[in-house]
Amino acid sequence: MIALLKRDLSLSIRAGGGFGLGLAFFLIVTILVPFGVGPQSDTLRLIAPGILWVGALLACLLSLDRIFALDYEDGSLDLLATAPIPLEAVVAMKALAHWVTTGLPLTLAAPVLAVLLNLQGAGFGWLVLSLLLGTPALSMIGAFGAALTVGLKRGGLLLSLLVLPLYVPTLIFGAESVRRGAQGMATTTPLLLLAGLTLASVALLPFAAAAAIRVNLR
Amino acid sequence: MELVVNNLSCARGGVPVLERVGFRLTAGQALMLRGPNGIGKTTLLRTLAGLQPALEGQISSPPESIAYAAHADGLKATLSVAENLLFWARIFDTNDITPALEGFDLVDLAGRQAQNLSAGQKRRLGLARLLVTGRPIWMLDEPTVSLDTASVALFGRAVAAHLKTGGAAVIATHIDLGFSAQSLDLTPFRAAPQKLNDFDEAFL
Amino acid sequence: MIDLGKYAAAVLSSYGITLLLLAGLIALTLIRGARVRRHLDQLEARRTRNG
Amino acid sequence: MSLWEYANPQKFMRTSQMVLPVLTVLTVLCLTAGLLWGFFLTPEAVNFGSTVKIIYIHVPAALMAINAWLMMLVTSLIWLVRRHHVSALAARAAAPVGLTMTLIALITGAIWGQPMWGTYWAWDPRLTSFLILFLFYLGYIALWEAIENPDAAADLTSVLCLVGSVFALLSRYAVNFWNQGLHQGASLSLDKEENVADVFYLPLLVCIAGFVLLFITLVLLRTRTEVRARRVRALITRERMA
Amino acid sequence: MIALLKRDLSLSIRAGGGFGLGLAFFLIVTILVPFGVGPQSDTLRLIAPGILWVGALLACLLSLDRIFALDYEDGSLDLLATAPIPLEAVVAMKALAHWVTTGLPLTLAAPVLAVLLNLQGAGFGWLVLSLLLGTPALSMIGAFGAALTVGLKRGGLLLSLLVLPLYVPTLIFGAESVRRGAQGMATTTPLLLLAGLTLASVALLPFAAAAAIRVNLR
Amino acid sequence: MELVVNNLSCARGGVPVLERVGFRLTAGQALMLRGPNGIGKTTLLRTLAGLQPALEGQISSPPESIAYAAHADGLKATLSVAENLLFWARIFDTNDITPALEGFDLVDLAGRQAQNLSAGQKRRLGLARLLVTGRPIWMLDEPTVSLDTASVALFGRAVAAHLKTGGAAVIATHIDLGFSAQSLDLTPFRAAPQKLNDFDEAFL
């Protein structure tokens, strides 16, 4: 299992391995938005928490299909399914690898990009905290969506469509806590809800995802 | 260590392709699956490997005893030959990849990325993976595709050594592999179209 | 005809769009039903003919 | 005789054949009666003017949109546990009907919003959850269409329906937390105090009954088609093998 | 050439073919943004032109790697390169197919999504017009980027990074024209610039892209 | 109609693999390329087909005369067999796909999606593509991989018919295809490791 995590990480760090794909996308979104909405800094300040969270979410969404598709195509998934580790653990490890290569860098990069969007000073801490709590849920939910669509040729569209509504609660709690934090309001409730969401998905979704993969492999 | 297959039917894409296949394989034996394209060799191997459920019939084998090598090799293009092997070795809890590298003449290529291998070299690497699984029953789907004569001989020797140490192998192939084994032609087991009399049987 | 007042457009278009959507759904259901049924009959006929 | 026997395709085809004509007649009666009553014979309401007539399609459609999803959830569970094919196919048959209902609720709501709130769309919790429900329907239908092997498709869509239901509930709470709404509260409750006047209430009930009947009729029709389509598939593969 | 266009279109319409991928993504962005930035309709109105254009652009960006990658992987691109039609025409046709399956649906769907973001009534016409003028440039520039990265394993990241700066002028002119239109100001200048950009890229980039593909194949 | 190769060197991934290859092929002839895995057969075929430039040497052939069939078949998984063929027929301006379907026994499978074919069936479809190109010189890279004996015979007949109508073929293969042709072993042409004496030659 550690081997699997290590492999996934080193694969994604190799040339063109997708490490930084999420990060790059996050960067792209936050850079493009000011070009689109115009450079007025109070408008930007107003929408910064939302845009940052939406950017992080899109960055996750975008890199989801790599979780299983590549292993499916080259036959590794067949081999992993017959290997001595349970498929649930494989799913969990792959979600973890996805988080380490996507969610974690996003969280670390977010404060820098927040400067570009003129986020209020009070919001920075909450931004990092909420991303840290919320991105694992994004990875896990995404892994579930990826498992549902793994057999399909170019399931990318379907994957986004399936995962989008599942992401809504995470996004709302996440962005809300940053917005409240930036305005100096209490953030406990949304953060607690966010943490609960993450825990629940990490605890339950690997089973659903493993079941979906088994169906897709047969 | 024994693989017993009894009255097995299997389906591909929801369509039954083989029916009532039965055989028995004990330690030290190899079985060649033969039959024309599309008869269902791949399907049978996948069923035996536990990747898809059987429609009917029993497969009995010791738990976690089967190593499967498909048409696709499961190689990661950006990992080196040694890294690819090492990964599978870790997954299967064996730690030494030298016998595998040596057995398939990959020592010189060990540091090369898998994407820079020729077709035959890739295949050799795919086969070397079997040695690091440490599992007794090999299921091989056309293992010698793209291999030159020397490599086919290498493969023959690897299988022979595996059988000698109490392993077994089921090999789907169209060509002559140069070593003797019992062979099973799948043509007679082709699934007959089912009778569909009323809606009770609407769902194949 | 009843008088809907200044909201005529809203009310009428609501009813119009709803009826249109429902009609579309029903039509699709019936058309696909008929097509599948015809196809099935054809297959069954061929099957009984050929034994 | 157990209820499960209706999950036998042949039994299902026979029974549905018998009840369908009755259901169709009832549907047509209820629906036309309700809609005509609502459209022509009800007065204008104090704050709403004539737009109150939209309620006769808006509310039944909204109710059916939710109930259709509930029905899919139940049939999906039945498929996962008992593996009755008709059950899975019924879920598949219901989805487009539910989607249409959602769409009707959304569109009539949007049209209603313009005169009432001065905007076609506001991010009100009720409206927003309907938008999310719409997306769930789209994803569910797309997944069915994308997978070729029917049993695999049934399995995967059922899993999606289960997980989706949980997340739909979560979203409802999240959205409430996020925004306080403009939308009407539930006034169809049994508590008479809150209820709308009978002149509006009775035709609304007839309309709801009509929509329920319409839903059942359509789902039965579509399930029959799905069963036939499965048989077509079976016969074709049989011919191919012969 | 018509055969190529037809094939690409029918491939993308088949199950999981990516038709609607762009559209779905556009939908996702415009639906998620309000969840992030909050439901206040005047904030949304303010940022609507920018978000709509950014969404359209991201939707294009996302579907770019399909332009050549799939044909490269299954060997079709090798075969097309040795076929009797010039590679420049192949590139142009593939960019056209990309536009038909992405840019065009985006343009048509934009007004509906604009309702969700409370765009001012005056902006609707300009939104459609600017997208109609601008999306062909997005497809063509994207095809060039895809050609540059076609040989690379998972070139997605690189592709986004390469194409992003090339997209900036299109985005600025496009969003600006909608914003001006929505506020009742004159839109001629940005629209003319947008049209010029599109014409130039369609005229010149196929040659650059074909050259890039030739290099990548050898 | 003649293919003349003279003093050809070619490289793969920046490394020269073959040197001073030369041969001459006229209408009606076939040439088998042989040699162990990794010697450079694929590289040579790609160079001849014009997909990569030669390091040195000349290739002379009539323009647009070469049809190349690689390890990968260039099939679209979601198109049917007939649609796949029809697409290539249109690209190459031939319009009739029936000979190709018949030549490789694909008539029964014509309506099947390519993703639902077995490995050998896919390969037959990949080969059938050659017939719709209408080009005289075929470059085939291990064409009989995954094919059963009957299909190999079918392939042999297709090549024979092609040669008889004035075509030519260069075939890289490891196994015996059951028809006679001149063969060229590439082992002697393996590129010698170059001397790197000074910095001018650092850039291979």
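So that you can tell them apart, the chains are marked A, B, C, D, E and F in the order they are listed, and the count of residues begins at 1 in each.
In the analysis below, contacts are C-beta pairs under 8 Å (C-beta built on N, C-alpha and C of every residue); 3 or more make two chains touch, one makes a residue touch a chain.
Please read all numbers here as calculations on a predicted model, not as lab measurements.
Participant: In the touch network of chains, how many steps separate chain B from chain C on the shortest route?
Facilitator: The distance in steps between these two chains is 2.
Participant: What shortest step count links chain A and chain C in the network of chain contacts?
Facilitator: Tracing touching chains, the least step count from chain A to chain C comes to 2.
Participant: When chain A touches chain E, do the two copies use mostly the same residue numbers, with over half shared, or different ones?
Facilitator: Same residues, largely: of all residue numbers at this interface, over half are found in both copies.
Participant: Just grab the chain with the largest centre-to-centre distance to chain D, centres being mean Cα coordinates.
Facilitator: Farthest from chain D by mean C-alpha position: F.
Participant: For chain A, which other chain has the most distant CA centre?
Facilitator: F
Participant: Sort out for me whether C-D or A-B is joined by the greater number of C-beta contact pairs.
Facilitator: C-D
Participant: Provide the C-alpha centroid distance between chain C and chain D, rounded to the nearest whole angstrom.
Facilitator: Roughly 16 Å separates the two chain centres.
Participant: In angstrom, rounded to a whole number, how far apart do the mean CA points of chain A and chain D lie?
Facilitator: 32
Participant: Please report how many Å separate the Cα centroid of chain E from that of chain F, as a whole number.
Facilitator: Those two chain centres are 37 Å apart.
Participant: In chain A, what residues contact two or more other chains?
Facilitator: 15-17, 152-153, 155, 157-158, 161, 164, 168, 172, 218
Participant: Residues of chain B that touch two or more other chains: which are they?
Facilitator: 13, 71, 77-78, 196
Participant: Where in chain D do residues touch two or more of the other chains?
Facilitator: 135, 146, 148, 178, 231, 235, 239
Participant: Which residues, counting only chain B, touch chain D once they are in their complex?
Facilitator: Chain B residues touching chain D: 13-15, 191-194, 196, 198-204.
Participant: If you look only at chain A, which of its residues touch chain D in the complex?
Facilitator: 144, 148-149, 151-152, 155, 157-158, 161-162, 164-166, 168-169, 172-173, 176, 189-190, 193, 197, 205, 208, 211-212, 215-216, 218
Participant: Which residues of chain F touch chain E in the complex?
Facilitator: 46, 49-53, 64, 66-68, 70-79, 83, 87-88, 90-93, 129
Participant: Could you please specify the touching residues of chain D with respect to chain B in the complex?
Facilitator: Contacts found on chain D: 8-10, 13, 85, 148-151, 227, 230-231, 233-235, 237-242.
Participant: What does chain F use to touch chain B in their complex?
Facilitator: It comes out as residues 13, 35-38, 42, 71, 116-121, 124, 142, 145-151, 174-175.
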